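Okay, so here's the structure we're looking at.
Letters A, B and C name the chains as they come in the text, with residue numbers starting at 1 for each one.
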């Protein structure tokens, strides 16, 4: 699927938070996609329609931006383009939780990507969420399935082991590296990578495409760590962009650790 | 001119898009200029007047920001400071095209910097614009000249070969490296570099100053690639900042590939 | 104190300018703190209360953002959390000076971090401020003390030699490297580092904690330069993030150059 993605060079409309715009764009460029950022309500409908997928990331939320996200999301829905929601910090403040609920009620979200704490907050589960780096002791597979069935979407729950499910078809992925948590925007960029894979895949293959996106991303992180070792988090963060671009489909498939759950 | 720039350390008022602010600022600092970002209508007039040049980049546009850009642009006009417009994504949505037209009608723009698709959109020429990385099959020299004469400005059309013209004096530049297209903000930073050269040059030398800015920038990219080779796009993007700072005027002149057209 | 900081992993609520968000977040992550950015008036009160410290940086100011900063600041005040103000570009435009005065009159600011020009502007002293990289010929210790006594806060005045004072207890720090001035956001990140140390320290130790934060930061810059040498400003800026993470408390104490003034 990676070769196909690089060939198609899909346009990904990113409405993401102001902390991670550059890193997201550079990661998508390295991957072989074509990122575009657009936020104004006057143009997001046009841009979402022209794009292959739409990423909604609420990391630095506002009411105005939420309204624009809903316009973009509905436009993507009409055009049959996948919509990826990254509920950054859901549960950390009531404002963020409410924004997610509003988007989920007004837009047909295709994929939700978040950590256990954020996904718990979406379905009202209890979890301790600290800032945007939440954690939860609940059963991650159960949370992911609850999100998937509650919102008729694919849930991509990321953590040490990642869970990808649409409620019936479920995969776990155990690629990745813990240093990803020390570079800002790596989780947000994963939302973009998932969007790029979704823009490339057939709808019937979306769950598997998400699992492959997550695995691909994790292998790139492993390679980045292997090359940069303990030089530091700055060097690792840059090597990760390098390896998002350098990784071949063949190597990604060879190193992937995807398990299908029954 | 580079030595003069480093000596003068001109203040460049950047009203640029939220994806590229950091990269633009770091590139200008490396070059020897002094970047300042200011967006609020309450202060942009003061800042534009204090600066040596003003950069207007519409990459993440809004109506509010457009109003502030016009205030800043008119203030720069009154103070006799050059105004550089980067019409990012013009043609990709009607909103962006209209914003450019509004700025061009209310501000005396000194230099327009964009790719062939964006410049085509400004003059109503037909071109296929995909997101912000547009392309056009039209004759690039003709498009650049049409922009220059339509808006009484200098057009800097960048691509594999860059065209710089005020409608009569025309240069082409063939420095640069294709990896620049894989790092977000390199085109936007070029707008800033052009602004810094314009802040340093005499008005009578602006066309030549633009050609030198574009060439200087391309040589820095070549040097960055020569040093970082195929390590990856992240490493290249950082090496480019390094080499914007390391490149001497002597080496820039030695490696420049500028051709004067009749 | 560094070991304690890494152990506590304090949440730092950053309301900072749009040029430096990524760099600030990565620096804080490397240091061992947990950054969160939140700007909307609907949530900043909640976030500031949950955080260990609040950073207010006016580098890209607006009236709307100022209102949100005051809400956040007052919430932090009520919760007894330290508030750090970084008056970026105070004196460069009247708008920035007025915003600082408004924040200082409505919020109980714990620490003010700026250069000599910015701090002079806060107390009406005369200085030549050029953009956001101000300078002043006044006596830096006198300026810092005037800020500290005028606003009942700790002043952290940074420059070649840094001055930290609450008006009676005064330290100077002579760590650091001049290349810090060639990487955007290093000063702004220092505001974040000071916030993280303040979130960790006892209130009675805040002056000393600020001096240690400034010294720690300077040692990391020295180490970054020693490793990256003259490779360029891009490489240095990344190595600085590396060394913010690599520096141990032991080495920081060994290399610190803090002088207590009477």
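Assume a residue touches a chain if its C-beta (ideal position, glycine included) is under 8 Å from a C-beta of that chain, and two chains touch if they have at least 3 such contacts.
Keep in mind that this is a model prediction, so the values were computed, not measured.
Determine the shape of the graph in which chains are vertices and touching pairs are edges (line, ring, star, complete, other).
If you draw each chain as a dot and join those that touch, every dot ends up joined to every other.
Chain B-chain C contact: same residues or different, taking over half shared as same?
Different, since under half the interface numbering is common to both chains.
Taking the mean of the C-alpha atoms as each chain's centre, how many Å separate chain B from chain C?
Centre separation, chain B to chain C: 32 Å.
By residue number and range, which residues of chain C touch two or more other chains?
18, 22, 237-238
Would you pull the chain B residues touching chain A in the complex into a rising list?
Interface residues on the chain B side: 17-20, 22-23, 59-63, 89, 92-96, 130-133, 181-185, 231-235, 237-238.
Mind listing the chain C positions that touch chain A in their complex?
Result: residues 11, 18, 21-22, 25-26, 29-30, 34-40, 42-43, 46-47, 50-51, 237-243, 245-246 of chain C touch chain A.
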